[in-house]
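Naming follows writing order (A, B, C and D), and every chain is counted from residue 1.
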Amino acid sequence: MISGKYLLQRLCYSGASFIVCLTITFFLLHLMPGDYISNYLLSLSNTLPKEIVDQFREQFGLNLPLTQQYVLYLGNILHGQWGYSYAYGQPVLSMIFGKLCWSLVLLVPATILGILIGTVIGAWSGWKSGGKKDFAVFNVMIVIRAIPEFWWAIMAVMIFAFYLQWFPLGGYASISVLSTGLDFFDVLHHALLPIILMTFFIATGNYYVMRNSMIAVIGEDYITTARAKGLDERTILWRHALKNALLPMVTITTFQCAGIIMGNIFIETVFSWPGIGYLTTQALTNRDLPLLEGIFLLDSLITIGAMLVADILSSAIDPRIRMGTDE
Amino acid sequence: MKITLHMRTHRTGLFCVLCVSFLLISCFFSGCTTSTAPKNATMTRVSVSDVIIPVEDTTSITYTSSMQKAGTPTGIMEGLVIKDRDGKFDPALAESWNVSDDAKTWTFHLAKNTTWNDGIPFTCADVKFTNDYMKKNNLTMGYVLKDVQSIDCPDDNTAVFHLKTSYSFFLDQISRQPGLSISPKHIWENVTDPQHYQDTQFVGTGPFVYVQTAPGYVQLKRNDNYYGKVPEVTGIVLKTISNADSQVLALKNGEIDVVTDITPTVAQSLAGEKKISVYSINDTGAYEVAFNTAQYPANLSAFRHAMSHAVDRETISSIFGTGRPTNTTFLITGLAGNYVNPADVGMYDYNLTKAQEMLAIAGFTRNSDGKLIGPDGKPVSITIPLGSKGGSGNQKVIAVLKNDWGSLGIPITTVSYDDQTQYRKAVNQYPVFIDAFPVTLHDDPDALGNFAVTPLQETNYYNYNNNEYNALVAQLRNTTDRADLMKIGYRMQDILAQDVPTVPAVTTDTLVAYRNDRFTGWDVGPGFHSITDPRVLENLTPVQAS
Amino acid sequence: MSETKGGVAGVQEQTRSVRELICISGLKVIFSSRSGPVRAVDSVDLAIREGERIGLIGESGSGKTVTGMAILGLLPVNAVIIGKIRYGDYDLLTAPDRTLQQIRGNEIAMISQNSGSSLNPVMKIGDQVAEPLVIHRICSVPDAHREAIRILAELGFDDPEQAATRYPHEFSGGMRERILIAIALVCRPHLIVADEPTAGLDAQVRARILKLITSQISGNRTLFLITHDLGAASYLCDRIAVMYAGEIVECGPAKDVLSLPLHPYTQGLIASLPSAGLHPIPGMSPSPASLPRGCRFCERCPAVLDRCDCDHPELVFTESGRQVRCFHYD
Amino acid sequence: MSRKIILRVSIAILGIFIAIALAAPLLAPAGPYAITGKPLQAPDADHLFGTNEVGQDIFAQLVYGARITLLFGFCSALLAVVISTSVGIIIGYYGGIVDEIVCRAIDVVMPIPMFVLLIVLTTFFSPGVLQVSLLMGLLGSVHGIRIMRSQVLSVARTSFVEGAKAIGASDFHVMFRHILPNVMPLVMVKFVTTSQHMLVMGVGLSFIGMWDTSTVDWGTMIQNAYSGGGVALGLWWWILPPGIAVVGISLALALIGYSFEEKFNPRVGVNRI
């Protein structure tokens, strides 16, 4: 269905893109002013002996010329060795995946539900555009979207977790985890409020794109053709309009997916959910370069992956791209 | 008919997708469970009587073992001595100690019949190993022992530290943040790459024993074989709550038992709660208005003197809402006791007229706009750099300075630096900066060493250089007699009072709120400043539910 | 297959002679716009007789496409529609949606303009052609596909099986126009509304398409051709109605209208053809938002009379039975 | 009809905020830093919104904070829109190798996580408000270039541009006088929506503490109140005013943006058949 040549071309492109990202990230971070030594070690004591600092620099290869560091780094990354965190001494990769895993607990359901809800309501709203119901839904969505995420989160915690006590205040499990181990429903209970909030946010973003896309599609001639065939509105919506309206959605949505890995930093902050967002802020305060680089790489990888998926998905939906005749 | 059929198919589709996402979530959960759940077979039931303490992130505890970062905060690991809030050193692994007259040889008599909590006996070999291993592997925290030449073990229960130079405050160095904790030889001697070694057992000698880590939690239980006072509480649970606001909410909800480092505002509000008590650990932090004596106009002694009368300590301290104005030459009165030179107390009284007069004498004039004109004929304006650390406290001080110094005709602007390196550079470029001591530093004359130019540190923040003072600081190191120490300290304070490299502004307390329906005894012990100090935890008693 | 067509309107039961298939009376379509109401179609009366091939010609914006869309009930929701379009027992303007849906594609089909955009880009040709058969429940899905392939073959596709599995963008403009014709014809409707079927095609392809339409429209099938292409109209149609600024200004047998146009506008149109020497009509057609009070063509008319300016002419019958809207023929 | 009312109300809100920002010294003569009361006083006649933990008047902070917050939002949006429009027009107009190079460069830069990059740059350099807004404008423009380019492409292919070229208009003239006016509606829509995004993002940055903490803006105010326990203790006057202000301005901008979009972009308007 999808030509191998096209796939190969996309893959090569992604690979090149990754290398470029890697390079930019490396030099960007290494040329930044300030480092771990002055920010973390020196905060412990004003009189850190020079030997200790030198030793530290040697250990992490910071005494080498930048280009040499870069070559070493590149080699290590390609071998799956993402380096060790300055502050924790642990392999960056395992640290990131430990946190990412928990971030995904929020992200995966929120993204799936958000895209689903946003797309369905957006399609409906676009189809009914100009009507009263569309107007109402549209405004509600704008309001949800315009209010900053962290504000929603603070309010939600206050109302649902503190006053009503329907949900825990934060964290990923209640204390019973120590005696009975992780319980699915317990974690769900903790994750539900942040997931709902994130779903709201992702859904409103998708809603808007989908609605616009749908409005563009229903003005197309082939919708008139479909009506002229005698199709009822529902069939036109689901069989003719939706698939076409989904085309621009695919690209935008996958990009959004890549973005929200970092975007949920606010939700994680308010809900004390120590995921990848929390790790990022920690790495930043410590000037933990290897960890930061790892986070950058992960995000680039996810984005590149998302772009690849978007390409493949849209080529699967749109025959014009598949055949390479799209301009 | 057709329509309902459609509806149903859509609903079914939606339902299917929901099911699939649910399934996916469960997969992720199970994935997380397997990857982060403890592989520890000795998983025990948590008794409700464990103390639940919020921490910013539990992972830092498990990621970092004692060898890389000395001194775990929760009493698993221990050092030789513990400094308490009265300035005294309490025995820990060392039952007693003595020091040679030249303050170069320190002998510690170690607690007998002490075992690591995996059952191996603790001996002097562990102490010696800790020093040697840190030095050999160049562990960053080894700098705590930088003055140690070697350690001898005449027998299992005696450790003799030979220092490179005389150092009468050596106990301070190994007991105070971050201090030194002794690591088990039998564990670490097999570790070849300590930088990347991940400790999973946390073998220590302290009053608490590591049990397990679960997502968001770390559990410790009391060490029933502890050689000292065995804690009454059954254990401790550290719970991740990363932001202060949530910690307070959790305390109110009863999810946690204690919150430390709360703001005075929070303390005031919580004081009204029935089940919550608030207490303060006095004078653990401090703020000063510091001068960079190399920068105009702070290079003028007269200017510094004048401005020392333009710091409104009362207002500053009322803004902090806790603590009190400090008017020493920077020893915190509550901590340093009779090390404070009474002659120098109250040197910097708040008196704007006096300040104005002194400025006028020093050649500063006011122009028609009310701006202060310096001796160089140019208006004086002061920029204060702000670092990320202690930021909000510094701003409170600056907010008050802006009012007062503004009325003297000196406009104040601030410039922010989030990066420590840049901030340090900036401190060197501007005449005035605000310094904060979130962790107690100024509790004995040794702490006044940061006004000296030492061989290790080319210069100090204040760019202050007084030869007599430098000599006194060096002399302080190898003096062991307390009376002598006091005498030297007094002289140092006199010199500071005369040169004013800094104007102490305020000392602050650490405020702690706890659930009084769960545990009492938080405020009993002479614990230093942290609620996770073992000396605090060992005094806790559960409230009997009646 | 024609037996299965119950005929919602029950047209087939009636006599075949001069029965009017569609009768448009007093059709007015008004759109609201920022600059006030726009009268796109104004009092159009037109009867389409069964089996005839009628052409509606006029320049762009004269309201001919709107008239065609009104027949199919495909005008935008914001259009105000007044009048009647009688089709059998129904008034197509007030009929319920379900009825309209059953009529559309099945009894009245449309060949739309813009072959490039009138086909769904993400649907296979075969599916698109077979769709009307399936939704009108004329035959089963496999049968519908066979029928689609048959009609594609009939319309000149060399390899219809293969063509059915391809997507619109893989075909040329002419081919796509054929596909649209196939979609329109596949249910064997009574009436085909062809809206500019030759727009955007080059001369050769246009000729072929026209030929194809003539060959397909036979028997009692009716064609309603909407075009500005006089050549196509003269080739395909028996009868021609000329529209100007929302009104029908002339109507009559194709030959007569083209050889001896009565209305000055029709004369101008014919004179502007390349074959007639390319003499364009001076001026512009009036904006439908602000129509003149009198004759709508009077500003451009070479033979303007005094009363043209203030009185509005009616569509009148001439002695020869043709209709014209001009005071010259009063 | 009600769409119109919403638009008017939004513009009025925006206008009020801008007026407040401009008139800040008149409304709060003491300035945002002056300590005018006891810490955390509840609202009364002297302190319209009470005081914060230092004793500074929250109304004064709000009023001066409006300056920073709005300045930030509009500055970064302006820069982002100017860059994306000019680059979009240039590459869309010239096409060919220039277009190819810029597009590939954007493709390559795209996967770099902009938000993280922004946080990193702000933490490492701790720049002032203006610098951060320039930075965000720069980073934010990358995305817009594509959109502008496609819009320019659709205009550049139209006959009047060809016509202008045919009569010998210079490239600059064509770009500036013919293409720019045609993409202007989109530029305006982009400007409004981008300023909303940027404003919220700036407030968010201050909220997670990745911002110059000494400037008084709404984000820092929220952060102060939140980290000081204002929410937990129900000190509503501390956190609500800046929060509501942010919500208000963000909503106003969003609604204006969407209304503009419907007005200028016929494809998004009502065209239901």
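In this text, a residue touches a chain if its C-beta (ideal position, glycine included) is under 8 Å from a C-beta of that chain, and two chains touch if they have at least 3 such contacts.
Just so it is clear, the structure is predicted and the values come from calculations on it, not from any experiment.
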item: Closest chain to the centre of mass proxy, which here is the mean CA position; value: A
item: Between A-C and A-D, the pair joined by more C-beta contacts; value: A-D
item: Chain centre separation in whole Å, for chain D relative to chain A (CA means); value: 22
item: Whole-Å gap separating chain C and chain D, where each centre is the average of the chain's CA atoms; value: 51
item: Intercentroid distance (Cα basis), chain B paired with chain A, Å; value: 36
item: Sequence positions of chain D contacting 2 or more other chains; value: 123-125, 210, 226, 231-232, 270-273
item: Residues of chain C engaged with two or more neighbouring chains; value: 74, 77-78
item: Shared interface positions of chain A, touching two or more other chains; value: 33-34, 130, 157, 162, 224, 227, 269, 285, 287
item: Contacting residues of chain B [partner chain A, same complex]; value: 3, 6, 14, 17-18, 20-22, 24-26, 28-29, 31-33, 35-37, 43-46, 52, 57, 59-60, 63-64, 68, 138, 140, 142-143, 146, 177-178, 195-198, 211-212, 214-217, 219, 237, 239-243, 246, 249-250, 252-253, 255, 388-389, 419-422, 424, 450, 454, 456-457
item: Of all residues in chain A, those that touch chain C in their complex; value: 130, 220-222, 224-233, 235, 240, 243-244, 247, 317-320, 323, 325
item: Of chain A, residues touching chain B in the complex; value: 33-35, 38-39, 41-49, 51-52, 55-56, 59, 84-85, 87-91, 95, 97-98, 101-102, 104-105, 108-109, 112-113, 116, 120, 157, 161-162, 165, 168-173, 175-179, 181-182, 184, 187-188, 234, 238, 269-272, 274, 278, 282, 285, 287
item: In the complex, chain D residues that touch chain B; value: 33-35, 38-40, 53-56, 122-126, 128, 210, 212-215, 224, 226-235
item: Contacting residues of chain C [partner chain A, same complex]; value: 72, 74, 77-78, 97-98, 100-106, 109-110, 112-114, 117-123, 131-132, 135-136, 167, 169-170, 180, 183-184
